[in-house]
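Here you go, one structure.
Naming follows writing order (A, B, C, D, E and F), and every chain is counted from residue 1.
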C-alpha cells in the first residue's frame, strides 16, 4: 500500500528543513582538513575469475587520511581513459565481492564501487574501518554515532570519503577525469547527491530513493530502520532532540540538493517505508540542476531495481557522451 | 515455552568452548597496559532531588585511560566506609538517571553503577564514549565491533573498564575496600564474572542470566539479539567464522568462570531466548568457587527481576557481612 | 512514527464524548453506597530489607466494603504528618513488591501505592480480589467485565477504590491530610483524574498518558490493547455497541476532566498507540483547573518514564509545599 | 510443521501428572453442594427463522445454583424422546446464535449447546454470567481466575455446569435420558471428558483436541494461548508455581480420563500448538473405557473440523443406537 | 481500528474506475461463446447423513463448457418448485462438504452452492478444475492468472460460471425459476454482483463486502491479500501496470454495479483491510437498483458473519415472496 | 539458529522416501511424448545495452511442445563452441531481464537461463505460460497444481522443460554439446538434479539447497513456503494425503539423486528453513556419482550466494575443461 502522500501531494510537498548559513563553510573546512592529510591511491589488479572484465583493488585516502577501499572494474583489456561511474553502497553494506555488480563495466564504463567505512557487516561485505571515529552513546547502527555534534557525526566522515573518492578516481589513467558520474541507491543516493554538491568533478548523478533526506519529517513518519535508529535514540535521550536535529541539518540530502546543479536522475517508490517518497520529493524539489524523476507506484525500497538500470544507462550515456 | 534443554539435561550439559593457553596472559597484559595510563577518579556530589540518598557523579580511568562515568549512591549522610556493590548494565544501556535504581543504597550499601562505553543509546541513557575504539566492518550494535582481532574487540575495552571500576571504587573514602561485590544481569552478569576472575578486590558476585557465554553454542541455538549480531555478521563474512570464534574464546563467560573462585550467585530462566539457559549453566558448571543457582521456570530474560533482589540482598549481606 | 494527529491538530481537537446529565449523581450515589459499608484501615509495618525507607502493608475498605491492599512507604523513622502521593497502577498490574518504586519516599513523601482489584497478574503482582464483581460474557481482561450496565461495570468498582484510597490515607497519622496528591500513568492516570474529580481531598494530580479517555474515538483509531478489548467484544456482540458506549460515558476520563478543578500535570506521547495522544489531549482540553502538558515527540506509551519523575517532583513540591 | 513429538513417541508418551487421593471426593462434594441449590430448568421455544429445526432457549441451574443458558435444537415437529448430544464450547466462546450449528439436529439428534459462564465475548456470543465467581489477581482470560485455590478456581464452576447440564437435559421430554452423549472441541473436549467421568448419565463422549490436559507439560511446551495465560501469571507470581500446579491437578483432563469408562472418540492434530498432541495423547492413554483416536497430521487446532463430523456422526449413531 | 475513510467520507466517495464502452459487448460475446458449448446439468442425490435436508451433487456446464460442480440442498422431501438462493464462495475456497452450510435449506430455500474453478485448496475444499485455463507468468493465487489480456483472465471464466450457474439452476424441477436470488461474501459478493448484472434470471442479490471492486484504489490502499497479489505482480512486471489495469476494468465490481438494477443487500465493515470499505461503497454508490447497506463498525472482513444471516433472510423472504 | 539436525546427525540421516518401481519408465514415457511434438529452437540476438556480452532471446519446445523461453549469454563476439551452463531459476521467478546475471558469461561460458513456465510473477519476471496445464483445486502457487495425479502434476511439465532445455542448447552452434553442465539454487537445484538424472547430455551439476527433496520429512518439519503449500492443501483435503504423497514420489529430488551419476556440487545451509538441511543431505546421500558438499553454518536459504560463485566456477572449470 502507499506509505506516504498521494502523487498530487508529493508534487507540491516542500520540506521544512532549513539550510544552515555556514553549511558550505562547514563542508569546505571539512574537506580541506582531510585533503591536508595528503592523498595516496593504490590500484592493484586482482584475479576475479572473469574473462571479459578486469578488476582492481583500490585504496585511497578518505576522511582524516583514513585508507578507504574500493573495486574498480573495466572492460577486459581497456587502457582508458573511460567514462566512469562512481557508485556508493546502501546502508549496512560494503563494496562486496569483486566478481559481483558487473553491469556497468559490461556496458563499457569504468566502474568504481566505494567501500563504506565501518559498515559492510550486513548484506554485502566491506573491508574498511571507521578508523578515526570516536563514538559517544549510540543506538545500534551508525545513524547516531557521534550525532551530538556535527564534528563527530559519522556521516561527516562518510560524505568526505565520497567526495574524495571522486578525486581519487579522477587521477587514474583508466579514467577520463572529464567524464565522471556518481550514483547510488538509498544511502548511496544520499552520498551521490552530496558528492554532486561538493565536488566540481561530478558531471551527472543518479540518486535513487536517496536516504538521509528531510530528517524532520522522516524521523516521525516511518517506523522502518534505519531512520528509526534516530527515533530510538531520542526515545531515551529525550533532552537531546533539538541538538540532534541541529547536527542533522548539515547532513540532510535536502540541503545538498540545494547546492547541486548537476544533471540528476531521481527515483521514488510509492510503497517505500524506508525512504518514504515525500522525503525523496523533498530533495527533488530543492535540487537546482536539470533533473528527471521516475516514480514506481507498486514498489517499496527496491524501487526500479533491475529495471532502473536501462533508464540510468541511457541517462549516463547521454550525460557522459558514451 | 522452554527455549532450551530440560532441567536434567542442563545439569549435565558442558560447553565445548576451550580455554586459550594464553588467556590469563592476554588479560594481564591488557590490564597492565591500561593501568599504565594512570588512574584518576573524580567524585562530584549532585542533586538528584532525593532526601534519603546521596548521589555522586563519578569519572574514572578505564581502558586506555579513557574517562568512564558512573553513579555512586549511598544512604544520605553516610561517610563510609560502606560495603559496596559495583553494578554493570545490560546490553544497549548506560548508567541511566541518578534518581533511578535506588534499591541497593536504600538497603544500606554504597552502590556504584558503571556506565557502558559507546552504549547507552537504548533503554537507558549513557554518557561515556568508546573513545579508543576503532572499528572494521561490523553489524549494527557492538557485538562485532573489532571482532576480527582480540586486540581490537569491543569487549576487550569494556571488560577492562569493569575491572578498573572495582579498583577505582576501592580507593574511595565512602567505600570499604575489603567489602566489594559485583553484580549484573545479562551483559552486566558477564562483566561481573569477568571482574570476579580478573580482580582480586572482588569478594562476591551475582551473575544473573550472564551474556557472552558459550559462544559456540549460543550463536547457533537462538535467533534473539544480541547473540544474533554475530550470526548476521558471519552470514555475510562467511570466510571469517573461525577467526571470529578464535577472538571470542578470550571473552567467553565460560572461560572467565574457569578462572573465578569468588562466591557467586547465578540465575537462569528456562524460557529465556536471549541467553538460553544452557549457556548460563555452561558458565555455572565451570565456575570454581562457591556457587548457587536460581532457576526461574516460567521466565524469559527478565529472570527473577524484582524477585531476584531479596535473594541477592541476602547473599550480599552474608558475603559482605552487612 | 506518529500514531495520531499532528501537534497542531492535537491542540485544536475536541472529543465528541458527551457528559451524562446524571453523571455526578451516579458517582455520588456509588460512593455513598460504598461508604455505607463502613471504613476500616489496617496499617502493618513489614520488613522490606531497606534501611532508608519504612514500608507498611495497608488494607482499606473499597467499593462495597471490599478489602483493598496497598503499600505505604515513608522515609525511615518518619512519624509524619508528611505530604503524600497516592499512586495508581497501570493496566494489568498490581501494587508490586514492597521493595520496588522507591523514588517518592526517597524524595521525602509518604507514598501510597494502591493495589488494583482483580488485576495484578501481569507485569507486577497484586494481592486484591475483585470480590464483589459479577461478570456477564466478556472478552479477556477487565475492559468488558460487566460492561453492559454502568452498575456492574468493572471500573465502577475500581474508581470507587481510588477515591476511597484517598480518604483512607487521609486518616493515617503519617499523612498530612491537607497535602495529598494523586498520580498515575495510563490506567493509573485515569484513576488519578477520577479521584481528582470525585474527592475534595485531592490537592494536585499527575495524569500521564491517561487511559479510558475519549472512548468513541479511542475504540476505532488503535488496534493496541487494552482499548482493543472493547472492539473485540463488539466485533461479536454486534448488537450491543450503543449499550456499551452508553455505559462508557460514565467512565470516560474526558468526563472526569470536565469535573476536575485540581492543578494537574498531563503528559502525552506522539508515538503512543496505547493511549493515542488525541485521547490524552481530549481530556486535557476539557480539564477545568490549572494544567500543564508535556509532549514527548519520540516516545510511545512509556512517555517520559524516568525523565518524567523530576518534572513531577517539581510539580508536587510546589503544589504540596515540600 | 509438527509442534510436538513424533507419532511413535506420542504412542509411548505418558503424563507425569498425578491423581490426588481426594480427587473424587472433591468433585462429589462440589457437585453435591451445587445440587443442594435445587434444580430448575426453563425451556422456551424461539423463532430462529428456520423451517426444518425447532430451537428452544434453555436456562438451567449450574454451579451454586447460577442460571446457565443454552440452546436446544431438534428436528422440526419432533416430540421426543430423542437421542441427545450435549455440546460444550471452546475457549472464549459462548452458545452463539440459535440459527447456527445446525448439523446435529439436522442429523436427527436433540442437540443441546451449553453456554460458557463469563466467556462468550470472543468469536461466539454468550449470555451467561460467572455470577458466583470471585477473583483474586489474574492474568487476562479465565485460566488464572481464582487459581490459587481449588475451591475458587474458575473451572470448578464451569465443570460443575457441564455435569449439571447433562442432568438438566435428562429431565426434558424431548430427550431420551438413556441416550445422552457429550462432545466438544478443545475446552469443550475437556468438559466432555469431565462430564463423562463425573456423570453416570453420559453414554458416549467425543473429546476432540481436549484442552486443560497435562498441565505440567502443556504449560512449558507451547507459547500459544490459552495455556500461556498460566505461564504469564507465573512469570510474575514466581513464588506461586507449586500452589498453582496443586490446584490444577483437580482440573486436569488427564485425571478425568483416569476416572472415565465411557466409550470415547478422541482426535489430535500433529501441527497443533494450542493443545499440543502429546497433551491429548496423555489423556487418551489414561482413559479407562473403549476409545478410538483420529490423528490429523497436517492440521493445527482446527483438527478435523468439518471432516470430523461424519466420523463423530457414525460414532454417536452407533453408541446411541440412532 | 478503522482501515479506511470515515463514515462521512465513505458516503461521498466515488470511484475513479471507468466503464469501457464495449463492456456489455465483451460479456455478451463471452457468455454466448460459452453457451454455444451446450448446457448439460447432472443432479445426483447423495447421502450427507442428514434427516432434515436432502443434498444433491450437481455438475453443470460453465465457461467453455467446462464441468462445474455444486451442492444443491433442499428441505427433506421437498419436491419444489422452491425459492432459490445461488451462493458463491470466497477467495481460495470451494463448495466445501455437503453436510456444511445448512442455514438456507433449513430456512426453506433451495440452496445451490457453486464450486470455484481451480480454487478450493484453501479453507474449504473444491472439486472443480480450471480446465480451460492457460496461464502466463503469475503471482501465487488466481488474481494474476492470465491478467495481461481480458480474454485470458481467470475471472472471465469464473464470472461466466457464476452466470451459467443461475441458468442451470433455473432449469431444475426443484427450483422456481421466477424466484432465484444470488448471494456471496467477498469474492462471492463480486460474483453475485456480476450475475445480477449479466443474468435476467436474478431477482435479488446480497453482496457482502464484495471483492474485485475499485481496483485503481484497492490495489494501493491495502497490503492484505488477495488484492495484494496484483501489487506483487506489478512490483516485478513494472512495465505492465497500464495493461493490467486495462484488463481489470472488465472485471471491476464497480462496473457490474453500473449495469445492475436488481434489489441488492450490501454490507461493509469499517475495520476491513481485505476489501476496504471505500471499495464496497464504490460499488454501492454506482449500483442502479433498489439497495440497502449494513455498516459494521467494529468488524473486519468477517463483517456481519452469523449476524448477517437474519438480515439477509428477511431481505430474501421479502424479495422472493417466501 | 539451526533449523534442523546437528551436523553429525545430518551426516547419518537417510530419507524414508521410496523409489517407485516404474519411476524411470514414467519419465522415459513422459520425455518421449514431449519429444514427439518435434523440437524447434529459435535464437534471436537482442540489444541488452552491453558491450562485453552478447545476449540472445531463445524459444525452444518444452513439455507437450509448449514454447519455453530463455536467455543465452556469451562473451561478446564469441562464435563457439563454448563450454555451457544451463541455469534453472528458483521458485516464483522467471528468466528475469537480459542484462542481469552476467557472471557466467563474463567468466567465459555460454550461459543459458531457462524461463519457468507459469511462474515469473514474483521476484524476477518470466515470459512463459504453463500452456498445457490444467488444474484441479489447488492452494496458491504451483506446488499443488494438478497434484492429485502424477500425469497432471505441474512439475511433470517443468522437469520435462528442464531436460529438453539441455537438448535444445546442445544443438546450438555457440554451444559445445560435449561440455554442458546444469546448475540452480532451490527449485533450480531440483531441476538440475532431475536433468542430470534424465539427460545423458549433462556432464556436471551444481545443486545448491535443492528444493522438492524428501517430501515425507520436508512437509512436516518446516512452516516455510513453498513446502508449506502442500501442507496447506492437505490441511483441507484431509482425505488426500496418501494420494498426494504417491504423486510426489515421482518428483522427489531424492529419487532423481538415486538415478544420477553426474559429478555434482551440493550446498546446504544450517539455518535454512525453506529447504531444511536434512532434506538436502537426503539427496546428497543418495546421489550415486562423484560429489562434494559445502555446508554454510550461519546461512539461511541464501546459502553461499555470491560466495558460492567462485566455488562453482572452480568446479565447472574442472569438470568442463575450461
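One rule holds in what follows: contacts are C-beta pairs under 8 Å (C-beta built on N, C-alpha and C of every residue); 3 or more make two chains touch, one makes a residue touch a chain.
Everything numeric in this text was worked out from a predicted model, so none of it was measured.
In this assembly, the chain whose C-alpha centre lies farthest from chain A is D.
Between the interfaces B-C and A-B, more contacting C-beta pairs are found at A-B. Chain A and chain E have centres, each the mean of its CA atoms, that are 50 Å apart. Spacing of chain D relative to chain E, judged by their CA centroids, is 38 angstrom.
Contact of a single residue of chain B with at least two other chains is seen at positions 124, 307. The touch graph of these protein chains has some other shape, matching none of line, ring, star or complete. Chains that are in contact with each other form these pairs: A-B, A-C, A-E, A-F, B-C, B-D, B-F, C-D, C-E, D-E, D-F, E-F.
Residues 92, 94, 118-142, 144, 232-233, 236-237 of chain C touch chain D in their complex. By the touch criterion stated above, chain F contacts chain A in their complex at residues 49-53, 75-76, 96-97, 99-100, 102-103, 105-108, 124, 306-307, 309-310, 313. Contact residues on chain C toward chain A in their complex (touch as defined above): 1-2, 270-271, 296-300, 302, 304, 307. Put simply, chain D touches chain B in their complex at residues 219-223, 231, 234-235, 238-239, 241.
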